[in-house]
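Here chain A shows up in two complexes: once beside chain B, once beside chain C.
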Partner chain A sequence: MNKIMCACGHENPEGTVLCGSCGRPLTEEAENQKLVDMRYEGSARRSQTFNKSIVDKVWNFFSSVKVGVSLIVIILVAAAIGTILPQVFYVPATGETEIAAYYERVYGTFGKLYYQLGLSDLYGSWWFQTLIGMLGISLIVASLDRVIPLYKSLKKQRTRRHESFMKRQRVFGIGENTLGEETFAKSEEQLKGLGYNVKHEDGAVLGEKARFSRWGPYINHLGLIIFLFGVMLRALPGFYVDETMWIREGETRAIPETPGYYLKSNEFILETYDKEQADEVFNDAIERVGTIASNYQTDVVLYKKPEDALPGQTDKLEEVKKDSIQVNEPLKFEGFAVYQMDFRLDELRSMQFNLSNKATGESLGDLSVDLVEPEMSYDLGNGNKVELLGYYPDFTGFENGEPQTQSPIPNNPAFLVKMTTPETPKGETSFVAIKQTVEPFGDNKYKLEFQNVETRDVSGLTIRKDKTLWILALGGLIFMIGVAQGSYWNHRRIWIHETKDGQIAVAAHTNKNWLSVKKDLDQVTLVANLPPYIDQHDLEALEEKKDGEKSS
Partner chain B sequence: MAQTKQQRLIMRTVILAVLVVAIVYTIFTSATKEKVAVLSVGDEAPDFTLVDLNGDEHRLSDYKGQGVFLNFWGTWCKPCAKEMPAMDRQYEVFKDKGVQTLAVNIAQSDFEVQRFTDQYGLDFPVVIDKTKSVMDAYNINPLPTTMLINPQGKIEKIITGEMTEQDIAAFMEQIVPE
Partner chain C sequence: MTLVSISGNLLFIAFVCYLVATLFFGGAVKSSTKKVATSEKRWGRIGITITIIGFISNLGYFVTRWIAAGHAPVSNLFEFTTAFGMMIVGSFILIYFLYKTPLLGLFALPIAIIIIGFASMFPTDINPLIPALKSYWLYVHVITAALGESILAMSAVAGLIYLTKNIDLTKRSKQRFWLEAVMLTLVLVLGFVASTTTFKVMDYEASFNYIDKEGKADEITYNVPPIFGMNEYEALTPGTMTPLAETPPIVNAKKLTTVTWSLIFGLVLYGLIRLIIRKPIAALLQPLAKKANSQLMDEIGYRAVLIGFPVFTLGALIFAMIWAQEAWSRFWGWDPKEVWALITWLFYAAFLHLRLSKGWQGEKSAWLAVIGFIIIMFNLIAVNLIIAGLHSYA
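Let's look at the complex of A and B:
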């Protein structure tokens, strides 16, 4: 690689546009420009310095701002497509075939295509994550490639710049030195008063302010990278849990993904606003909508199994605490939070029956069948007994004479019972279901009549753990610091030189807010009697406008 | 000169390599997270203890040195019911060769399980996982699921779905202690 030796004696890396020390234009292109491009201080972006090996080529690809912007656009478009239909985890179906069927049923051919293209799980797809990963690489590589040369360039900058650099600055002026040596002393004093860092050496003054504003974009990128790192950690075990569980009143269940914790639901509570008690302003809404929920709550007991207990050993559970889980008020333990998310009301819990004589209607007694733990037989006294032969919690019909159940949940309970009374000592068999009684062995004398049900509610809970949250927050904070740093501060520089022929040259540069740097310069001009400056950018614009008018 | 160039190449290679490894690993883990069971073949089978219908406690580690044919099932699950008689017959064949059969019912009532075992005349121990904690430890999703546990206590094979009697015999043969 060739270094470029500047006339001032400073050695610059290949690709440099403006000498890092004195600011002379080093390329023909720069020399022909009226104004220099001050982005990255004319330093050589590293991507432009090597282009030989495959690693360099990959590096240069990711270093390109065009590539970075393209990646952002592609990701935005893809992410937008992912919002057209609900993603897989919001769909009320489980299992691949069911999910596929759901998309086709609800959204038609488009839904089917959407599912087949994998857009239904877009954010979890390998290609979307690859895009995010590539954006991460782009952020890191592009930032490194720019911030290091920029840092070196700003660190190395000389107080005295070359005249060719000065006159190519946007704000530039040249004229008589009316105050002699005083010019510099007064300028220096005034610049310091304005909060500038001032360097004064061999007939040149450089006032510089808020250089750190130039690091804003890179701090900003650092925040983004930390954020992406946090998101990446979620994929690793132990950092992120997002599970759901259904629990019925009275049940004790292992909490998924937690180390030996169990939850018992004592009660699910659904409360609604009462017209009498609620503020008057809500009356209209209550009248219009009917009932409005005011509280969803599950009263629970949290248990932990002893250290040495094995799964399945639930007799020695230790109570940790009682709690009421409400919306936005989760049960918290050991980094986990259990949220109230969903509910189902009135699942059957037990059924009451009455045994009676069909002919006389005489009652022989009541029995209650617990649908969770039914008993083998129910003794009604006086020699009357009901034996349970079969229990079908979710009865769907008979198959080869055999009653079928499609799930273990008592959605449609049915029983095969044997009724024994002193009058019928051999027992009579009956099949009892809701609104259906079958007497398989001929007419019975006695019947079991359905009386009543007791129900219970089911709570849908979500178990969450997120150890990456603080990393995401930190990333976001650093991101915002970077934004503020780059937006609310401006890097301003004012150069005041004595030229070879004894004149005074002034130039100024800022990365944004030119009005303010001009105001600063105006104040210095007033005190130190500096030559008037012009904004060459305005001049250029004016000329272009004139040219345009002429040709039209 | 050549030295800085080489340093830079090494630097770039290292940075790119670290990033690529991190990204590939992330994508791989998130892609496989949901689909593959937490347990896989070769893992130590998590120990548990459950009570059977006679009130006897069955602890998995008590069967070390024997193969364990661990079947998860429910009475409402038709393929489970279908394979039960075949399992019972093969249990009789293999119990003297050192293969124990253990059927874990998922949180049903004693009544249903008792009636079911009576109806099918099952002789092998049937335990009930009332709190679904064993189901959770084994990450059981579809029923039936069967785990073959070898005499060393490691998972030899995970079978989801119904098995024929031939399958069952072959699987039990696989975990006979030497």
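Let's look at the complex of A and C:
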């Protein structure tokens, strides 16, 4: 690599714009500028120095802020487009054809087009994820390209800078030294009082404050990279579990994806605010809106299967804990969390029937049929028996004489039964539903009559495990530290030195918040009687000053 | 007097204080020639004192309503928007003490006033909390997010002053057009307030049966004369206006009607203003803005983003994700409100990078700050009212 030797004797790497030690401009371009470009201290960045190999080109592409900002803007616009219509996961339809039909039915031609272009699953699309990936690469490359040279340059900076560096600073002043040697002592004291680190050597004073804020952007980028890494990890098996389960009151079920955990639902509770009991201040709202839910809750018992239990054996479950799962209060165990997400009220649980003699009305006994796991045969004593020949949990009607069911959920249960009594030893067949009895083979002597139903609620629960959460939290924390560091502190430097002809030159630089550094310099100026400075960026103030000078 | 009515009165006092303070800041700016700097100081001091009194009263509203409801008043659109308006005033006070510029108050307070006025057009009842909102993260997340947004809004205020000062209003240009468009938008919000208030005073009500987009029958009540009717509507209230047109099922005709009335009132209002002042609103404000130091306004705009961005990130993204993980089982779900918070965040990230590396300062930076505020307001208003999602109760 070619080194650039500065007139001050400092050796700079190829591509350096301002000498890392004394600040002399090293390129013709820098020499011709009225003010120096102080970003990254004029250090040699890889992306600005090499552009030959493919690696250089890729590196330069991703290190460019223009590319980074373009990626941000493209992602921003894409994200906005994804909110025009609901995304697929918020649409009440499953299966490709049904979803496609939903978009077309509800949102018309626009909806159809939106779906066909894949905008309905925009955030999961390969191109959107590629954009996020590219932004991630850009974060890494752009940070490395800048932070390393910047670090080296700030470490090597000399107290006494070259005059060409001083006069090209935005805040600069030069004038007579009225206090002699005392100028430096007083400046030093005042700068220290303002919390600056001060170096005094070589007839020059450098006050520097909060250099660490320069690392803020790189630290927050690191946090974002860690966050994105955590998000990527979720795609690996074992890091992330997302399951749902429906559990009925009284039921005990294995919790999917967990090592031998079972959940029993004792009760599902739905509470609403009612006008009598709720606080008076809510009356108007309740009146206007109607029913407002106050609580969704499933009371559960968590069990664990003992280590030595056989697969499928569930009779020796050990109770782990009782809990009430509410919205905002998930059940947590061993890295898993179970959330109250949904519910169905009053699902049919069992049906009660009565067997009687049609002619006399004499009752031969009652039976109760469990609608989830019905027994096939019911002995009522005295030789009376009812057998289930067929069970149709969600009965919709007959097709070619065959009863049909549209789902295994007992929404409208119906049964084909055989009734046997001492009088009818061959048995009579009947079809019974909630308000319907059909006798397919002619008149029966006995009838099975629907009496009553028992219902229960069903809780919809979501089971999650997310082993990446701590990585995401770490990334978030580092981001916040970095962004606070870079935003709430600013790197300030004030240079004061004696020129060859005995004048005093002052210059100041900050990466942001110029008002504050100027205030600091004002205080030092007052104490050490420094020459007045000008802000070479504030054209209006400069003009005003000119006007003032003319008129005076 | 109940706590609720005390709370309402405190809000009203705050509102009046902000109006009065605006006038004093106007006086401070008008008198700010170099010779009468003391007069500027005096008027400015009175202005900021009244602002602080208003702010304390506003905080009083917040606290008393909190006590009355048993939860922080940030749980519906009225409450959140009012809190946002209050925080804008708070952020203004913060910036005022950093930079001592009365001019900022002259622009910031009217914006806060318009926002609070807008808020009070929505139902002001105290809602009990639905299960999803029953969490202390409600306070932490919503208050931090609103605070961040209000500080970011200060950058738009500084940007607006910068633009009003520096855009040449004597010549036809894109800049002049868009600056006046921003002013018009503010007037249109006033149009919404005016139309809603007018029909509220008239106690207007008209009910309809209609068929919703899922094909189900439903009923709806308009509080403004129905310009547009819902899909297959059927009027239930005799003696009310017959809608001029019927909308397809995915369009909510009631909302469309409200927007149309706001436009009508707003445009009439704007027309009247133009008739009276005989020049664009921006031109009316320009002489006041001329007193600003552009460099300082640019600095304030940048500083506000620097202060607000981390707060916004913490409230609207990090706290939001923690809560979403607790309540909805996932920290991120691409819900429209979430997405728009991300968009806001990306936008200000782009703003910071452009400023840092591309040297977008001055006018470009000022435009970006104004656009950022528009995105924030879009997320507050449009995402709640137009795009349905998990946050639509807020």
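Basically, the second predicted complex is superposed on the first by the 491 of 552 C-alpha atoms of A that agree within 3 Å, B and C clash if a C-alpha of one lies under 4 Å from a C-alpha of the other, contacts with A are read in each partner's own complex, and residues count from 1 in each chain.
The rule we apply is simple: a contact is a pair of C-beta atoms (placed from the backbone, for glycine too) under 8 Å apart; a residue touches a chain by one contact, two chains touch by 3 or more.
Quick caveat, the model's predicted, so the values are computed rather than measured.
Engineer: Touch check for A:291: first (chain B), second (chain C), both, or neither?
Structural biologist: neither
Engineer: Name the contact category of A:136: first (chain B only), second (chain C only), both, or neither.
Structural biologist: After superposition on chain A, A:136 lies in contact with chain B alone.
Engineer: Quick one: is A:73 in contact with chain B, with chain C, with both, or with neither? Answer first, second, both or neither.
Structural biologist: second
Engineer: Would you sort A:33 into first (chain B), second (chain C), both or neither based on which partner it touches?
Structural biologist: Neither: A:33 stays clear of chain B and chain C.
Engineer: For A:382, select first, second, both or neither according to whether it touches chain B, chain C, the two together, or no partner.
Structural biologist: In the superposed model, A:382 contacts neither chain B nor chain C.
Engineer: Name the contact category of A:479: first (chain B only), second (chain C only), both, or neither.
Structural biologist: The answer is second: A:479 touches chain C but not chain B.
Engineer: After superposing on the shared chain, does chain C or chain B touch more chain A residues?
Structural biologist: When the residues of chain A touched by each partner are counted, C comes out ahead.
Engineer: Overlap the chain B and chain C contact sets on chain A and report the shared residues.
Structural biologist: On chain A, no residue contacts both chain B in one structure and chain C in the other.
Engineer: Provide the residue numbers of chain A that touch chain C in the complex, in ascending order.
Structural biologist: 39, 65-66, 68-69, 72-73, 75-76, 79-80, 82-84, 86-87, 89-90, 106-108, 123, 242, 273, 278-279, 281-282, 284-286, 288-289, 292-296, 326-328, 330, 337, 339, 341, 462, 464, 466, 469, 472, 476, 479-480, 483-484, 487-488, 512-515, 535, 537-541
Engineer: Per the contact definition, I'd like the list of chain B residues that touch chain A in the complex.
Structural biologist: Contact set of chain B toward chain A: 1, 5, 8-9, 12-13, 15-16, 19-20, 22-23, 26-27, 29-31, 33, 46-50, 59, 74-76, 106-112, 114-115, 127, 129-134, 136-137.
Engineer: Taking the touch rule as given, give the residues of chain C at its contact with chain A in the complex, in rising order.
Structural biologist: Against chain A, chain C makes touches at 4, 68-70, 99, 123, 125-132, 134-135, 137, 213-214, 248-250, 293-296, 299, 302-303, 306-307, 309-310, 313-314, 318, 321, 325-331, 333-336, 339-340, 342-343, 346-347, 349-350, 353-354, 356-358, 383, 387-389.
Engineer: How about chain A: which of its residues touch chain B in the complex?
Structural biologist: Touching chain B: residues 1, 3, 46, 50, 53, 55-56, 58-59, 124, 126, 129-130, 133, 136-137, 140-141, 144, 232, 234-237, 252-254, 256, 262, 310-314, 372-376, 388-391, 393-394, 405-408 of chain A.
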